[in-house]
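Here's the structure, in structure tokens; my notes come after.
In order of appearance the chains are A, B, C and D, and numbering begins at 1 in each one.
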Amino acid sequence: MDGKEFAEFGSRLRIEHEGQTLDVTFIKRDGEELVFKLTSGYNVRFSLKTVKILEELEKSGSFRNKSIDIATLGTGSRRISLLSTGGTIASKVDYATGAVKPTEDLSFILDSIKDIQDRMTLSAKIIDSILSENMQPENWIRNARLVSKALDHEDAVVLLHGTDTMSYTASALSFMFEKQKGPIILTGSQRSSDRPSSDAFENIEASIRFSLEDIGEVGICMHSSISDGRSTLIRGVRARKMHTTRRDAFRAIESGNIGTISDRKVSLSNDIKRPDEENAFSDKLDTAAGIYYFNPLSSAEDLEAFSRGKKAIVIMATGLGHVSERLLPKIRELTDEGKHFVITSQCLYGRVDLEVYASGRKLLAAGATPLENMLPETALAKSMYVLAHYPDEFGRWMTTNLRGEIAERSLIGGEF
Amino acid sequence: MPNPVMIGLEVHVQLNTGKLFCRCPVEGSDEGSFELSRRLKPTVGEAGGVDRAARYEEERDRSFTYLCPENTCLVEYDEEPPRSINREALNVSLKVAASLGCTILPVIECMRKIVIDGSNTSGFQRTSLVAVNGSIQTSRGRVGITSVCLEEDSARKLSDGGDQVHYSLGRLGIPLIEITTDPDIVDQDHAVEVARKIGLTAMTTGMTRRDSDSIRQDVNLSMGHGRVEIKGISRISQIKDAIESETERQMMLERVASTVEKRGGLSSKGFHFVDVSEYLRESGSTMISGGIREGKHVYLSRLNNMSGVLKSGDMRLGREIADLTKVFAVQGIMHSDELPGYGLSGKEVRELFKRAECGDLDAFMIVIASKAKASLLEKEIPSRIEHILALRLDETRYFSDQGRTAFLRPLPGAERMYPETDLEPFRLSKEEISSALDFGKLPAEDRIKKLASDYNISQQDASTLVTESKLGLFVSLSSVLNARYSARLILQRLPELEKKSGNKVSEEELRRLVAAIKERGLGELSLDASLDLLLKGLSIEEITRSPDIEPLSKEELAAIINEISRIQKQNNAGEMIASVKKRTSRPFDPKKLIEIAESIKK
Amino acid sequence: MDGKEFAEFGSRLRIEHEGQTLDVTFIKRDGEELVFKLTSGYNVRFSLKTVKILEELEKSGSFRNKSIDIATLGTGSRRISLLSTGGTIASKVDYATGAVKPTEDLSFILDSIKDIQDRMTLSAKIIDSILSENMQPENWIRNARLVSKALDHEDAVVLLHGTDTMSYTASALSFMFEKQKGPIILTGSQRSSDRPSSDAFENIEASIRFSLEDIGEVGICMHSSISDGRSTLIRGVRARKMHTTRRDAFRAIESGNIGTISDRKVSLSNDIKRPDEENAFSDKLDTAAGIYYFNPLSSAEDLEAFSRGKKAIVIMATGLGHVSERLLPKIRELTDEGKHFVITSQCLYGRVDLEVYASGRKLLAAGATPLENMLPETALAKSMYVLAHYPDEFGRWMTTNLRGEIAERSLIGGEF
Amino acid sequence: MPNPVMIGLEVHVQLNTGKLFCRCPVEGSDEGSFELSRRLKPTVGEAGGVDRAARYEEERDRSFTYLCPENTCLVEYDEEPPRSINREALNVSLKVAASLGCTILPVIECMRKIVIDGSNTSGFQRTSLVAVNGSIQTSRGRVGITSVCLEEDSARKLSDGGDQVHYSLGRLGIPLIEITTDPDIVDQDHAVEVARKIGLTAMTTGMTRRDSDSIRQDVNLSMGHGRVEIKGISRISQIKDAIESETERQMMLERVASTVEKRGGLSSKGFHFVDVSEYLRESGSTMISGGIREGKHVYLSRLNNMSGVLKSGDMRLGREIADLTKVFAVQGIMHSDELPGYGLSGKEVRELFKRAECGDLDAFMIVIASKAKASLLEKEIPSRIEHILALRLDETRYFSDQGRTAFLRPLPGAERMYPETDLEPFRLSKEEISSALDFGKLPAEDRIKKLASDYNISQQDASTLVTESKLGLFVSLSSVLNARYSARLILQRLPELEKKSGNKVSEEELRRLVAAIKERGLGELSLDASLDLLLKGLSIEEITRSPDIEPLSKEELAAIINEISRIQKQNNAGEMIASVKKRTSRPFDPKKLIEIAESIKK
């Protein structure tokens, strides 16, 4: 194909296309098409068949991202470990595929923390490079061990993480750390950092500001508004991603606001947990759990098939925690076999209560355990923790409020 | 003119198809129910660097506030990825491209053009190169069309407080066809002709928006000192003014540069600020004393060899510096060519000359600004003077209300272009391309002629419908109403009624009203009546339910005539019509009335 | 057991308990305990072993609810059919079990609609008596037929329904009625009507007020605030129960507000569908569908087990609509076998978009169909409708906006 | 007293355990961040009927607005079912019941008591019968205890505009033990003794709330004319006033009834309203003319045989009628016994007598009210008069600010009690019952003695700690601090400091401060110092971080003494102490100071 093989990303080429001669930069080959950048900056996409490469004007080279390694940053006494796992916050356009992919370059955070450099010493490290939808418990465990190791030596940990499963990870970390010496703050972004409007800069900045505080919890720090300038730190076990795209997608569901930042000023809530004297960390999780979304098509067979191989099933029931009568004998049977059914609500907001209606009382009688207002995702992470640590007292531990995963009081909040 | 001027145009035409990357309508008020605010950061580009224009904007460290009118959604707020491209808008752009003889690209890549002046909430404008290499014939010869792009329009600036800029998002996302010519235009009159021709070509699609700034031109101009891009010319007549004003400016700067050169040239090292706030604290200048009261400082610097070129005769280098400081929201600037003045005494001016260590040919300037701003300006001002005196004049300028061009920002480079990763390339079907090419076969003028003959309306009406961007409305009404009636309705009847009532009817309302009247099985008589009601503020639902739009039947007309005649003799047709109108608010056909009246007489 | 057998609910008895003689009303036997009502009104619960019934003072009889049959009500020209299926709104305390159960007595609505009696003629009918968590597609079909029959003769239908699965039913009805001559309004209550503070009264009243309007849609009418006096009518396909217990649990997710009532004044939105000239109703639904809640524990085996026997699987994916790479080969395989995977987001708010990230593009390539911002529950009901009507063009119909189930514009709303 | 009076008491005692059916604290301000509003409907009861008191409230058709302070949650708003019962509160109620010799019910059923005066957002109050059949010994013999119930307290009324009532929800849900005595109380002094004794018994649990209305009494009183329940007596001394006022009222009504009887009795048929608005439109009575201006009407009715019994001598039947109309938010009422007056002339009064067709012994009344209200009152007024004259006086009354009882509503019946279906019965464990019985073995007085000896504090202090509901605080502080010091701190030191500073320290703050001081390893000296800081408004975090609470060490004291002595001779210990205090804000032990000073001298 007359020399098309030698072209690599960034080469300057002279090409001929439909009788015209053009000087272009080669971007990529995509199937039977070639993508070039014109001098005007526009990309064009020509069929392999219609384009002819005349000569290579300049080899690729200058056209590369410069990767800046950040060993440490800042001169202050508070030691913060920034660990990146990937996700949008650490994503860049991948010019080879045209898609946004995790980057291993953290240089973009340099600018945003300049003004607080004298209060902390930040050390950054890339520990993973994964989109959060691909995260599995083995990633949690691996990352949690690194977080634990970091927190043994440093005062706070900021974990860059994809937003898709960030609340699952935050929940898992919450339970894995029975005690913690300082804050563990997950942050991400809803707009990748290659956009001028990215929320990544401010979210990281806010996370670092929260890292300077005496907090002994796992939290998620994100925008609290679609405007810039306001951030919130949400207790990991009460946070949920409630919007696919908005910057303020993460919400404290009914409770769990650890603190807020407005115009760079931190204010903390009253009922936060302060740091422990030492860390107490366990990396044991049992993965034999799942989430079952009850609906009018659910049948006993369906539930049975879903439950196979699992020890604990989080049911997202309707309303106050109800499922159809049709499922009750199966729940009884599987419970008798040693499986655990725990009840959360697909409403997400509000508490389940199985004592109000006959349906609920029957579900209780069938052996299910209602989880108050615990979020389904949190219930899943907690099930994994409790199965691994207290398999014989599963129900009791699931209903004991370990990390603030149950909101004792249902308050009138922002959204609900 | 000493140097040959090379002129190119960029013509931007808004489309009325609905927005480009969401499903919001293009029309809407500038009133919003809420605001949002953002800061923007330049990002490391494809080439590992940051665009010069973008970095420049960031140094201004501004916060942007956006008013969100009803015709906006999460896409405009940069809170949702773009939805699929508005295919109708894309097809219109193809038609325009074809009409301009361009080669259409069968696969179109959407790009992000980094613009961090806040005019896009995302920090970039989505733009797609649709076609290239066209040309048009003009009275002064062939003018090449470099490219046709389909862009999203930017937010409209409401106010600019320097550090705090307000925009309204209503305009953001409106499809915008950008037609760029080669620098083949020979002078200002030619530029006007080219702009007109391109505009007309776009308008014959019938899909251009009708609004005061729905067609905007940028002028690219070069006299050998680099390319200057003059933005924001919304009236065609201003093209001429802009070109004239800019060529005069460049000629003036040539003289300034040669004057300074003769004196020994510029020593940019000589520029540094001395704080003279203490000395001027008691000065009679309110600008100075007021600034000091607000916590600002007064800085002085010498301007080597620049006495008399800042403002003297036709030399105006001072204005170039003031244009720059204005960009940094610093208004307080004075230079020695205009002093004594502004409340500064001759004694003070002499002292300042002394403190600035000025020689005979030197000038000085003073700047009233905060410390932070001053440290920025201490770098920016000499750098700009150096550029200008070296006659490196390439930059982005705008055509100001004062009828002159003024500095806006450096010219952006190719580094500001990234691929829009949220969207797959747009692949054109064969049908789309051939339909555009079909459309493009006929020149714009011929299309107007064809329009007149197709619809049996006058050439004049056809032309007016196109140039007033009412073609789309006309075509849509003509599918329901008689075409001549439609043209009269749009061009005469409705404007008359609007003028009389002082109210306006939107195209959307007119379309809905016509459809509703037709649905009730009523005709033109009723439509006339219902327009009256609409302009009185009734809703379309109320109008269609109203008995007042039902034309009088023959029997009803006869009954009224009989009654009138019993009371008083009607002398002529006019009297008869007036009498009937007094007795009913329902419409009737006067001709029919006369017929009936005459048949009754018999 | 000395005469305890004769006691029935409401009998006046003289009993002896721990040496004391008491005159009581018999309420019920509950296992080894008897429940009596004292003259003070308090109930007491005594062990069978410790209580002795001395004599029956008065037979039961006066102690019964009076059931009032409402044939028709009102004198106006607008004909409204009120059909009750059960649920909290039609629930009363069951004094026999102590739980709240569906009632067949609709008399409680008499009071609340007195003031609009001259504008409509209401005919009420009990068509079912079921808690909504027990509803299945066969109930939907049976009830839909009755709704259709009613709407053939009347101008509007109000359906009393349990809140737990009300949005599922509303979605199903929306699709089953391709055309409708008048509004079909579902309403329920979050506090049962035996409480003075019940929202049932106002919700029914509001539903009847909306029934007087020219609306050609299926909607859910409930409180729009925890205060009384404000109600909202939400497009059935955009409504979701977002709180387990609050009166204002139902929300129009990002769009779907048909109208509101404040201080008894109705105001309608601009973009509502007006009534059709006639009804076009189909009662065909295919039940081979289900909702799969993706999470970090999801595996290909898990998805395969869940998909068995189903033709369409609604995946509640993370964020913009992502699932783990691990599932992609299975989705490809099952899609090739003819199953359909449609993508919604567990965020609930916001649109899915599979073109932004590599994960999404891969999921598209695997054959999944993204459903914009369709709610998962609506997607389930729509799948059932499309499977039954357009099995060969499933993807095309699922992505076509049939009843406003896709919000074309994402606006900044109340909660999100 | 002609008839023997039977008196019973209901004593309500608030507990400080946290709320009964949610996890909100009992303490909180009456300030709320938002409001909610509700209407309530009476519902068909267990027996198919609607409770009389409930129906009565509904006829008033009111809307309730609730202020929601911080110590409330969805449970108080009736937006979430009750959470499980506060087991601590339940156990306290058992202890109280056991102390009163009651039989505890091992399985407790929670009931809903329908109350639709808005004082509960749900329209009912949750109440559980915990124990029955107790008794206490008094100076006038044995008084039976009918029952001990555990209830949730109701919302506090902020204002009552008749149709629009405002409540604050802060109090709603506070656990309330209701102790009901048999009608064994012989007179008002005895009632006071019984109330005191019951209150003390509850307070010895150490779990009663300390607040102005945390203990409230209702009096049940019967003189043979039906049971009257007098609500809302928050001070024990008022019990006496309430009983005296009510017995006087009933004796007065006996005389009124017999007077009317002698005249031929009541003809309730005679009561109907005549609209006299037109006649009185120009009247000099501002009440009347003002009412008419607001759109109200003036209604007149004859009151058969009632001249002189409405208001004359000690007869006050008019007040009984006014109490009723006030309930319907109708203030404008006058009757002939008080006329002429209120701006009505003698002539007008004579005319009204005529228009009401009054005989010599008849009276009349006029009511200024809306049409709707009047039609209600036209039924309610004669019905009430009939009841009163038949001496069927059973009703719920309240003790008003004017020191008399006034009509509130009819007595509620048993029909208002439904089971609380949201909660399973509470089953007491054997341990819970036996622990309560153990507690109950000792009479309240002995428990105080035991307290004094257990903690080695004075009998007087022990008694005060109990009666001021500071026992719980004392026990908790004594677990950290010396008991005598704790008692002095609570009873003397803190009240003194509070008085001096004008600020208050909550129990919660005190507990937290003590814990924080202890955690820092500091003692009583530091605590004294930190109380000062707390009352100055410093937060507990700030206080524990403050160096000002660290006592001076021996070395530091010695250094200061040396320095002081160098400057000036200290004449005595007092002077020395004062001098040191001037030099430091940190605490020190004066005794230690003197010791060191003396050891230095040597």
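One rule holds in what follows: contacts are C-beta pairs under 8 Å (C-beta built on N, C-alpha and C of every residue); 3 or more make two chains touch, one makes a residue touch a chain.
Note that the coordinates shown come from a computational prediction; the quantities given were computed from them, not determined experimentally.
Chemist: Does A-D or C-D have more contacting C-beta pairs?
Modeler: More C-beta contacts join the chains of C-D.
Chemist: Measuring centre to centre with CA averages, how many angstrom lie between chain A and chain D?
Modeler: Here chain A and chain D have centroids separated by 52 Å.
Chemist: Can you work out the whole-Å distance between the CA centroids of chain A and chain C?
Modeler: Inter-chain centre distance comes to 33 Å.
Chemist: How many angstrom between the C-alpha centroids of chain B and chain A?
Modeler: 43
Chemist: If I count partner chains per residue in chain B, which residues reach a count of at least 2?
Modeler: In chain B, 74, 77, 79-81, 421 touch at least two other chains.
Chemist: So which stretches of chain C touch two or more other chains?
Modeler: Touching at least two other chains: 99-100, 226, 244-246, 320, 350-351, 353, 356, 412.
Chemist: Looking only at which chains touch which, which shape fits best: line, ring, star, complete or other?
Modeler: If you draw each chain as a dot and join those that touch, the picture is no line, ring, star or complete graph.
Chemist: For the complex, which residues does chain A have touching chain C?
Modeler: It is residues 88, 94, 97, 99-101, 131-137, 140, 162-165, 168, 226, 241-246, 249, 287, 289-293, 295-298, 301-302, 305-306, 308-309, 316-326, 345-353, 356-359, 361, 373, 376-377, 380, 384, 412, 415-416 of chain A that touch chain C.
Chemist: What part of chain D is in contact with chain C in the complex they form?
Modeler: 35-44, 46-48, 54, 63, 74, 77-81, 103, 105, 107-109, 111, 113-114, 116, 121-124, 127, 129, 133, 147, 149, 413-419, 421, 425
Chemist: State the interface residues of chain A toward chain B in the complex, per the touch definition above.
Modeler: 18, 20, 33, 35, 37-46, 62-66, 93, 95, 98-100, 107-108, 111-112, 191, 193-198, 201-202, 225-229, 244-247
Chemist: For chain B, which residues count as touching chain C in their complex?
Modeler: Result: residues 22-24, 34, 68, 73-75, 77, 79-81, 421-424 of chain B touch chain C.
Chemist: Spell out the residues on chain C that touch chain B in their complex, using ranges where they run on.
Modeler: Result: residues 320, 350-351, 353, 355-356, 408-412 of chain C touch chain B.
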